[in-house]
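Consider the two complexes below, in which chain A is the common component and chain B and chain C are the respective partners.
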Partner chain A sequence: MLRFALHRLIHALSLALGVVLVLFLVFESGLTGDPAQREAGRHSSARTLGEIRLRLGLFESFEATALRLRVEGSAARYFLEAVDGPALRLSAADDSEISRVELAGLDLAALHNSLAQLELPQGRSLWTELRADPNLPAAGLASALHGARLAVDHRRTADLGWAQERPAWRRFLHQSAALLRFDFGSDQSGQAIAPQLWQRGKRSLALALPAFVLGTVLAVAAALFALSRRGWTDRSLAWLSSLMISVSALATILFLRALLAGKLGWFPVAGWEPPHANYLMLPILTWVAIAFWPEYRLYRALLGQQAGGGYLTAARARGVGEARLMRRHLLPNAWVALITQATLALPFLALGSILLERVFAIPGLGSMVAEAALNSDQALLRAVAFLLALVYLAAQWLGDLLCGLADPRYREARA
Partner chain B sequence: MILSLALLLAAAPPHEAALQEPQGRAAISGHDADSRSATKGQEAGGRNARFALASEPTSFDPLAAETTANQVIQRQVYEGLVEYDYLARPYRVTPLLAESWSVAEDGRRWRFELRPDALFHDPQQPPLWPGGSRPVLAQDVLESWLRMADARLPATGYWAMQGLIEGLDEFHRQTAGTLAEAEAAMTNALEHGLPGLRVLGPRRLEVRLTRPDRDFLLRLASAYFAVYPAETVARGINNQPVGSGPFLLAEWIPRSQAVFRAVPGWRGQTGPGGRALPQLDEVRFTTILENSTRTLMFRRGEIDRLPPLQDAFHDLIDGRQPSAELREQGVSLQILAPAGLTMIAFNMDDPQVGSIPGDLAGNRRRRLLRQAIARAYPFARWHRIIRNDAWAEAATTFIPPGFSESVGMPSSPYRTPDLDEARRLLAAAGWPGGAGAPRLQYELSGTDPVSQASGEIFAEGMRAIGLEVDLVPNTFAALQAKAARGEAQIFARGWTMDWADPANLLELFYGPNRAPGINRCNYDNPVYDRLLEALPSASAPRRRALVHVMLGLLNEELPAIPIDHRRGYMLVQPWLRDMEVHPFDPFACKYYRIER
Partner chain C sequence: MKRQPRGWILLLGVWLVLAVACQLGWLAADWRSQHDGAEFLAPSAANPLGTDHLGRDLLAQTLQGSRIAFLVGSLAAGAAVLIGAALGLAAAWYRGPVDALCNWLSGAVAAIPGMLLVVVVAALLGHGLLPLCTAFAVVSWVGVYRLVRAEARRLVDQDYVLAARACGAPPLRLMLRHLMPALRPMLLAQFSLAFVAAIKAEAVLSFLGVGLAEQPSWGRMIADAWALGDLEQGRWWRLAAASGALALLALPVYRLADRAHEQTPTA
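Up next, the complex of A and B:
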């Protein structure tokens, strides 16, 4: 069994690496457009974009203490590059010096001003080097200069940009290492992401876990009940579940809230204060009311398939009672299928909690995810996606172990 | 301050409010640990108040005291030298941290004496000081104000003191210079003060103004002039505030919840009726974005007050009183005079709708475009959907009626809807029928239905004259950040006056206040700026004339379209006593009382 557990753990870890790769493709590879642009929106300045890029790790943080200003083509674009050059100067392409920019201290505002006053002859390729004094962090210089306005002639200005984009493979290594260390960086407002996820995640778990367990147990029990009764009970439950599945979840939420909290006053309407259980009961109940019916259908169908096996008929013919039949014959054979289904349902927990947490004002992950999506906060979205994937993988691993415990054949097939 | 679109209303001092920030929605629940049925707050005992916020509070740093939600939570912890007299109308200030003050005859030199019994209280463990408290000194006032003026920091409130105190602008410039200069300026100012800001003794402070300013004390009562110990900044003031106010921060979930407990044995200030303040043990603010949720919570007694909005308005309000059902429960209604402006703001730096230096012909076309947009804006639809046809007054220009400056003020000709005229203006701008006109970007100011609706109202109005609009989704905080970077094109903006002077609204268009300052329209007109600078020392009749000229400029240039002035409607539970909604201090919780 230990060997099996280890084997499944390695399997889960390989999946985690796969998740990191997928997240990279989605968020950072550039395959789906520039993530910084996505976050900043259409009317963003070069400076805003640069700051986001640095925060997301799309650009190198500059460790060199000198930067080169490169002018491309028709002087429409300017780039900063880290160089090892010796001087601080503005030179033409033939290397004749045009002017010098003096840097004293971390004087970024003054630097901006001197750049804004620099008039670069049009149509000539030229470059300048800005050499900072040794105390100046070049990353700070670069991020401050990125987006600085440069006067090209009296009327035209251009924004500085960086050329130091990280190559994709380095971005991937950088991001993977950070994710696997649970270093998620900071969100748009500059707050560190990891502690927020942890704090809010606990509250979401307090809502999702009981709701999930309760809903699953009830659905399986109801499915067994329907199977053992068959006939009229089974058919009416099938009809009822079809009906309830057709009703929108939002309608169910609003109805239950208006009835149980608004009219009957059994639960508080919304909020979050100790004892927190008071504020969780109605959301959990609502969740179960929504999730129960589709799950019932699923488990009823699953168990029905198992029940089709000849062994039940044989047992029944031997005069085994229905209750014992379910407990001793059907369930042990169905464990693997049940557990597999239950773990498959896990990813949907996260989606469910977004709506419920918002409606019931529970300060969990759900409200944060909704906000992140709305603000296109890429770092936060990435962190949440990674965390959810981990939760799912962990659940799968646990499910695997349970399956292995419940059915030796399962263990053998996968060891 | 900025209100969220949703409406705002009531009581928030000047700052930006979400379109629908009511001023406070509060809720009460008592719960004192022993036995409180969570469902029936109104039956529980205790002196605990519960309120709902309609937008997310993000920080306890007074540098971020710009949004209504942040001001509300910060005011529970921090104090300034003075505060608004809670009950006096018209509004006036009374001593708070300052025990007394005197002003020289020239109206420029002020001396403040701090009260000796004011202490900073630190609820954290271990505390910053042995025993968890230390006295408030004049040096703390100096340091707090200097921090607001430090150009290296992202302060949202510097505009409130800009140009006001001698030497402060110079200090601001120095801190914008090199690192060495900034540090030298700060060290020097901390040690010797500024020409207009000097510590004369442990509790004595002298302020010299650049000119007499009749609003000076009103400004001091705003959240921007909060006084806090420098020690708390180093520790992380965003999440661990330390102030001298009557409440301590007990629980804090950024964006979602802030819970305050009364300082044990707070310094013994008494309120109306001679009762010791604060009169509450606990105040809980919870962010509830959903209007329907807030309404249901109020009906169930889970929050203590509620600005009735949108869908719920006609259920809850019957003319100028609460509905019969609510009256039976003892709920009362307070209605406030308008003290703010809701507008559709244009970013004047934007190349499609704004004003670009030097491009005279283009600027003329874009001004015609803004005027066409104003003429096409469906004000009636806005009023019906967003204001329930009730709780706001149509704006005729940029300041509300009811102030001495409002008498005889010029109204904007473009404020009256007229589609034909709008089409004519659009054609004059060179885009007949909207052909070839730029696609407009309207930034939504939140995820609530009100903000969404405001976008749809705008888009629909523009479609009628052939203009296409993209609606850009944002949370309220995200829009504020965008506008502060000057990257939003068109957006609804609600502003509640920061103090009782309509000139506060005119500062929204003052050139030096451009983004990230409060001039988020980035309107830049030197003539306008000169006029505004002449206001503080002008005599009353001259002042009115100046204001009218400024309004004339805004009416024609339209850096924003004035929409309306919200009237604060506030439903109050019967157990919340001594609660007078104050437009400039929407949650003066220390005066509130719970009696069940």
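Up next, the complex of A and C:
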């Protein structure tokens, strides 16, 4: 059993690495377009783009200024600073001021001239290069430089790159390491992601867990009922279920809400204030109404397969009653299939229902995903996807262990 | 002998004819025409399904929606089945590392909640028909892959395949001529289920704002109905038209799939 557990754990971990790779392919690899451009929107300056690239880890480094300076002939360090609002100050390493240029109202060409006139210590020459990036307006230069501390170095200009791109393989390693450390970084608004996931995940679970338990129990019960009755009960339930799953979940949600919350006024329409239970009842009810039918079909098919085994016929022939037949003969044999199905549904619970949370304005993970998708907040989406995948793999592992405990044949088949 | 499901096939045929007619511009070509002062009209003789917020006829939009539904459904489901079948056959045929790699990849994709991955990929790729179908296919090939792989592994060990191999048939020919015919019923069933799932996914994605924009799709209609508070104002017809049409297309597919399932002998 221990060997089996370890074997399945290694399997789950290898899949977790696979998830990291899939997420990298989806988000970072460029297969789906430039991530920074997507996040910044169409009309964004080079500076915004560069900063986003820096935040997303596409760049190792990025200089937000359009100014590059070099002091020739000296190993000593000088510092070029923007101080006192829009003014440039050249200082030596001991902070003594060497020279100063007012930046206010300058355009790029004028700035270039002013820098050329900077008074330098004897024997040194200042080499400046001004890059007029088409996306970076000259007028914005002064404010871009404000507060920036630029090292004026004697190194070659090539070392003072505007932006240093991080190669794909290092990006992948960097991202994977961050994800595996649960270091999710911050979202577009600069808030840390990890605490948000926890807080919102709890609300989603408050919606999803009762709905899931209720729906599953009802569905299994209905499937057992249909199996024991057979005949037209079974057929009409099959018919009804295919009718109900044909209707889009959206329509069910919107109509149920309009009827029960709007017209009849039994429930609040939407919102999230304590006591939260008031706001959860209708979403849970709606969830059950939607999820019951596909689950009924699933469990009816699963149990039907089990019932195909000859042992039920044999027991029935011995005169075992239908209720006892289901309870003592069918269910114990169906446990493995039922557990597998139930564990497979678990990760969806943490996500809540994106649709339900959106419609009923429940601030859970689902509505967060919906908003993040609209704003293409990639760090957030990646964090949610990775975390839920881990939950799924963990649930699958536990389900494997349970099945292994319940049925030794299962262990041998998968070891 | 069971009764042939003529009614459902006929209904699907009607939908197909409507979709093709819309594609060719024979039907509802003027769905864009707006009428000032005719916004939010209730169903009447002139507009059997009412009008939308721009005074456009909802019947025309619903009909055009069938065109979009068939496009989305067949493209997305086709891609998903193609990827799943190709990888499944490769995994079953070559076994060893190829099998392990395909299993690993499908396991990793399956670990991410499908709904979430569809939303993410669609959001990253942007609006439009192709991004939508890509997003769906990227997620849904896994189910097809698993079924095809399991069935193909069983078939590969059958005597007739062994005989064909012994005759020196090349792998591709073997897969296409000897394995595919046996897999076809299953692939057809998977395609039809994915077809409906893709149409439903379109509705969800459009509702979340990452699906189709400026298209007369049913999902778009539902999204508009929600965004403009149709039901709160007592205007049920747009939502009813779109979701009713979707259900009328989905129901025959499900019924036919059920029937096919009942008729296949369970192994």
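What we mean here is this: the second predicted complex is superposed on the first by the 291 of 415 C-alpha atoms of A that agree within 3 Å, B and C clash if a C-alpha of one lies under 4 Å from a C-alpha of the other, contacts with A are read in each partner's own complex, and residues count from 1 in each chain.
Everything below uses one rule, namely that contacts are C-beta pairs under 8 Å (C-beta built on N, C-alpha and C of every residue); 3 or more make two chains touch, one makes a residue touch a chain.
Model, not experiment: these values are computed from the prediction.
Of the two partner chains placed by superposition, only chain C is touched by A:32; chain B is not.
Contacts of A:323 after superposition: neither chain B nor chain C is touched.
When both complexes are overlaid on chain A, the residue A:273 reaches chain B alone and has no touch with chain C. Residue contacts after overlaying the shared chain place A:209 against neither chain B nor chain C. Of the two partner chains placed by the overlay, only chain B lies in contact with A:367; chain C stays clear of it. By the document's definition of touching, neither partner reaches A:413: not chain B, not chain C. Touch criterion met: A:378 reaches chain C, while chain B stays clear of it.
Once the two complexes are laid over each other on the shared chain, residue contacts for A:15 go to chain C alone; chain B is not touched.
Contacts of A:191 after superposition on the shared chain: chain B is touched, whereas chain C is not. Shared contact residues of chain A, touching chain B in one structure and chain C in the other: 254, 257-258, 262, 358-359, 370, 374. In the complex of the two chains, the chain A residues touching chain C come out as 14-19, 21-23, 26-27, 32-33, 35, 38, 238, 242-243, 245-251, 254-255, 257-258, 262, 305, 308, 347-348, 351, 354-355, 358-359, 369-370, 372-374, 376, 378, 381, 384-385, 388-389, 392-393, 396.
The part of chain A that touches chain B in the complex is made up of residues 40-45, 48, 104-107, 109-110, 155, 188-189, 191, 196, 199, 254, 257-258, 261-262, 265-275, 278-279, 358-361, 363, 367, 370-371, 374-375. Of all the residues in chain B, the ones that touch chain A in their complex are 27, 29, 31, 38-41, 50, 58, 176-180, 238, 253-257, 259, 284, 286-290, 292-293, 296-297, 299-300, 302, 350, 358, 441, 447, 472-475, 477-478, 481-482, 485-489.
Listed in rising order, the residues of chain C touching chain A in the complex are 104-105, 107-109, 111-113, 115-117, 119-126, 196, 200, 203-204, 207-210, 218, 222, 225-226, 231-232, 236, 239, 242-243, 246-248, 250-251, 254-255, 258, 266.
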